[in-house]
């Protein structure tokens, strides 16, 4: 009963030491809906990990800016050699980890090799698949050699999964992260909050905040109350759109609507019996009233999409016209496909509100055109097992939050099983293309192809509904990647 | 008495062993794989396998069972798959919330129930009795999470006397911690207090009909003296049983309330762990709760013997 | 002036009258016997005096004690009188003491409640009182809990609490009814000596004429909440003016007509000559109960409830089995009925072993003590009476069944129409008749009567005994009559077995055993039975 | 006597009234509801009570009164069947344990009971739904499992005291075996107790169903249930409190009704009280 006595004694200690921290304007408390399971972005997929550590504690060679651009970070500059098959990075010098260890080119090699190695547990191992080897040239120079020319490498290296760790502290990153960022980890009260504090020895521009706290509140009512009571200063991803009008009306807060990389789609199993028929998929697309879903599930927050592409991206094409809400068209298509009034589909819904609420609305909408659904609410673990890995589903709703991820439609055996050789060829060409104009054209082609094949029901782009105290500036409005970058955040008075 | 203790402890251990087998077996059939949960949608199969090996999930069932049990005996509950921290640390962390919450809810329930039950029993059939019975009847019927919703709406959002949820930790001070637990404790205590008050009342009424209470009254004790000196202690046996049950219930059964108030307690830990397929945590916490229930039952039995000398003989 | 005077005392509970216009009085130092059958209101009278009537009761009239009008006192004032000047002893010693307090605490509480003495003095007083009540502290320390004492010892504690402050009046409500006859004698002796030592007035409530007769100066006879007759004991008991008093007197020493002693003697002679018809034969019977293991190395012990018992019941014979509680007679009964298996020995009925299947039960049936507990309240009488037909090989038709039930009900003095009623519609005496009908329906040769009349009031008991006697004659039944009540056994059996601690210590012709007991224990038992003196020759002025 | 009669029905009548009301609503919902509960009308959402929608509309624009009527089916059916499971398995086990009192079968059954009791009920319910997936059927199983030991223990306890009664011995002397005595004599005499406990477990079942649905493990959409309505309304309490108010009140009133009915039945069926009062 070791832990038992320990908790009792610490309880008593807690009763003895009672003090309270003075709030100062160099503090900030950020609300987050989900608590990260651990703090190692290279060992888990949870978005919440990056939302705490990205750009705050850990840095990579490159990083995303607030507008989604790829900027230098630990690499101050780079050169592309051998027709795009070799990238030579020049590293920032004088960088130290939070524990005082020096940052060197060896660490870059270690981190990238670790991420792509045989026994890697990196969730985005695919990002590094093209790398053949990492070559340390000197302490501040490192070269990455590629199998094929890759226009995405700098983008890929900006992901949280590609941050640079010290070999000495990598193993304990899950609970005691040691990075090179402007903040260092100080405390984690599991189930409640994580505290980080300013890194005085930061190599770059010093940050304005002394301390920041990430407080985890998933319950929307509690989130609302926490904001109202001032327990939380900002909620960059406010979990309950239903409360936003109330918060907007409050002069203390500003509500910032931005975009995320989350394409929320009604995924269809393209190889299931009924849905392998494009007419049925098209019928479903016509049966869906996107605005009703955005209103009913997201209380009006969200942008309708017609393909798997973020509207804020420069290459975006509005393809919603391919699948307008048209119940008659839907019924006619179903009749044509010969499944009129006799189609029952399973609809598996993961936990987020967009899925659970949206699913109920979609079920009702499909019923109107004569498609019955069997709703099953599943936890994420089951969703991954049954839907993502097992492909045991007809329909599901999920938001794909990775940036520029239309490439998933080219993957073999991906859960919605699109499997179109033309599309695969297109993406293959896109990946080795480095000319921006060509890339733009290819992206537009890809969007159109996916849209016209009615691969999935494209619903809406998840809005980033941020709520923050009026006096805070520098928070990201949009969410090019999952992060709460606090480097530029400050209080106005 | 010693032999009695020995017998009780033997059956306690037997219960725990059987329970551990049941828990382990049930957990084995839970669908979902922690490794793929942790790695998300973009992970490749060999990454998942690598993580499974790292977590020890590729071992056979029997070695895993014995590893788990022998670990628990040494106080080592294993390492959480998702949090990557020792389960024992997490549990002790969560107990810091659940234990004070359960204790304060129980204390509150007792503090409310005893005067109410005593008052109702001593004024049987009177107005006070009717009022107490009506309130407790309602208290038993109200779902505690629904009651909690209104508490939040009024006290946290409207008046902002308390925070609507979350737990700041004890390092901000005892009262700061207690403040966060106040509303949940009230929400938990209301139905329990109602049940307790009703049990106490009916138990007292039963005892008040006993011959020895009449004997006491014939000695010249007033109704009230007889109630306090002779009835109360005898009426404690069913009340102790209920208190014991309530404590175990509050420790684990606060899941829903912990969800409403977003408290990092044991209940939420289980709930989250099941959702995340963090099976080692689920197993260990359930075993811990079973242990707590069995232990409380055992303590209640000892309390019986303290209350009633007839039980001291060892049956 | 009398110590206690009741004037026009009337009590009703929720509007139902319980006591009607009671008028009586008791002088200081005198003993008043209150006699009545169940429901006569005798206990309620005691509770009315103590102010312990159940809630919902209303009392009119006047209860005068010394110079206080008890029924007008408020609770606080009443509480200063009760326990101090008036003590009370209840019927049921097993439940009258608080199980969670020591006997010392309970006696001391009584003392300190009324007298401002130190804890030490109170303890000394309690020890003194308990010693006077036969519980010397060296054998019975104050730290004993009630469950560690026997029934008689507990009743001594109750008495000690009642007399600790030397009250002027002691009310004893059936103080010995729940006790064995030998204990009863001891408790009555104790009450008598305490009454005389302290010159207390004693109000002794009992259903047993003999108990009252041995104690009281003055008797009050109650029936249905009214006093039917009262006065000094000798004239009342001698003259028997009131018919109810007469009937009580008769019933209390009732000998069934059809089976007078002389007839039984001849019946016995018949059976003795006919040895072949041994109906029930019990040979070296041993019955044991497991007792829980005590301690680490303790063996799982066994309690030997019946220890090497042998006896025979012949056809048509009536055999009594007497003994005090715990002597093993209930276990023996169960074994004979095949309800528990014997550790060793044999029980044979008509030469067939009792455990050889249900057909043997055709020859033995039973009537139990409790007229309330021996019937399934959910079944109609027809079903209840017909139940033993189950042991027959061929089940009778519905028609036959109905016919047999009717016949049985009529033969025990009930009506055919009673078959459609439920058991709660019958009185205790009627229920015992139904129980007899049930036992008779398969025409057994032997009926075991397990305390079959013990729970009945004397007058009802007499009629049931008459019925049993006539049925024995008409059906040629043998009875095994198990009872703690020696006077009943004496009046209705041919032979008697005396049982103590699992063994039969004496057996023989009933009259021989009772008139001339040879075993020490039988002698004590017989001597303890309270007896009604013969008042026919008593002088009215003898007191 | 009039006053005592009134006292006897003091709990029974309002309890029966509430229970009949909600059961009635559930039954009526099969034939008639004011509005269709399957049709969403997002534009008409979260209306406060008005002349058309007496209790207002929910976050999808469905009529709350109609939802409550249809939801009653789920909530009552889950609790009812769960009690049925408890009775079906618990009573025979209890009867068996009592008829083999002191023997190893008794010991086995009672230790099994203790084992089930040792598990925190809600946690196991969550486990069950985690294994088999959430849904009304699994909620029934989860709640039902914990009803089994309740009824087994109650049956055993009540039967044990009956086994010592003389009428049971009379039945044994009439040559009846344990199983037959259990059915003919024991069962009819514990029916009252079982009915009373049944209503209590029923009300607890409704609370449990509400709790499970509240955390998303009960009935799945689009099936309405009271607990799910509460869960859906949880985030909306600040803007539309009536969404949480009505389902909650319906749960409270049903549970209250069942408890009153249980108390009332106890008073009414208890022959002791019948005789005395």
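As written, the chains take the letters A, B, C and D, and residue 1 is the first residue of each chain.
In this section, contacts are C-beta pairs under 8 Å (C-beta built on N, C-alpha and C of every residue); 3 or more make two chains touch, one makes a residue touch a chain.
Since the structure is predicted, the reported quantities are computational estimates derived from the model, not experimental observations.
Trainee: If we look at chain B and chain D, which chains touch each of them?
Mentor: A, C
Trainee: How many angstrom between the C-alpha centroids of chain D and chain C?
Mentor: About 47 Å separates the centre of chain C from that of chain D.
Trainee: From the mean C-alpha coordinate of chain A to that of chain D, what's the distance rounded to whole Å?
Mentor: Chain A and chain D have C-alpha centres separated by 44 Å.
Trainee: What is the distance, in whole Å, between the centres of chain A and chain B, each centre taken as the mean of its C-alpha atoms?
Mentor: Centre-to-centre distance between chain A and chain B: 38 Å.
Trainee: I'd like the Å distance between the centres of chain B and chain C, where a centre is the mean of that chain's Cα atoms.
Mentor: 50
Trainee: Two-or-more-chain contact residues of chain D, please, as numbers and ranges.
Mentor: In chain D, the residues touching two or more other chains are 130, 234, 237-238.
Trainee: For chain C, write out the residues touching at least two other chains, lowest number first.
Mentor: none
Trainee: Chain B: which residues touch two or more other chains?
Mentor: Each of 31-32, 149, 152-153, 157, 259-260, 274-275 in chain B touches at least two other chains.
Trainee: Pairwise, which chains touch?
Mentor: All touching pairs, sorted by chain label, are A-B, A-D, B-C, B-D, C-D.
Trainee: Which residues of chain B touch chain A in the complex?
Mentor: By the definition above, chain B touches chain A via 31-34, 36-44, 46-47, 50-51, 53-54, 75, 77, 82-85, 88-97, 99-100, 149, 152-153, 156-157, 160, 163-177, 259-265, 268-269, 274-277.
Trainee: Quick one: which bits of chain C touch chain D in the complex? Just the residue numbers, please.
Mentor: On the chain C side, the touching residues are 14-15, 334, 337-339, 358, 361, 364-366, 368-370, 373-379, 387-391, 424, 435, 438.
Trainee: Which positions of chain B touch chain D when the two form their complex?
Mentor: Listed in rising order, the residues are 11, 14-15, 18-19, 22, 26-27, 29-32, 137-138, 140-143, 145-146, 149, 152-153, 157, 248-249, 251-253, 255-256, 259-260, 267, 270-271, 274-275, 282, 286, 289-290, 293-294, 297.
Trainee: Mind pulling up the chain C residues that touch chain B in the complex?
Mentor: Touch residues, chain C against chain B: 50, 52, 55, 75-76, 79-84, 87-88, 90, 92, 95-101, 109-110, 113-114, 145, 147, 158, 161-162, 292-296, 298.
Trainee: Where on chain A is chain B touching in the complex?
Mentor: Touch list, chain A to chain B: 1-4, 6-8, 10-11, 13-21, 37-38, 40, 43-46, 118-126, 174-175, 189-193, 215-219, 221-222, 224-226, 228-229, 231, 351, 379-382, 384-386, 388-389, 400, 402.
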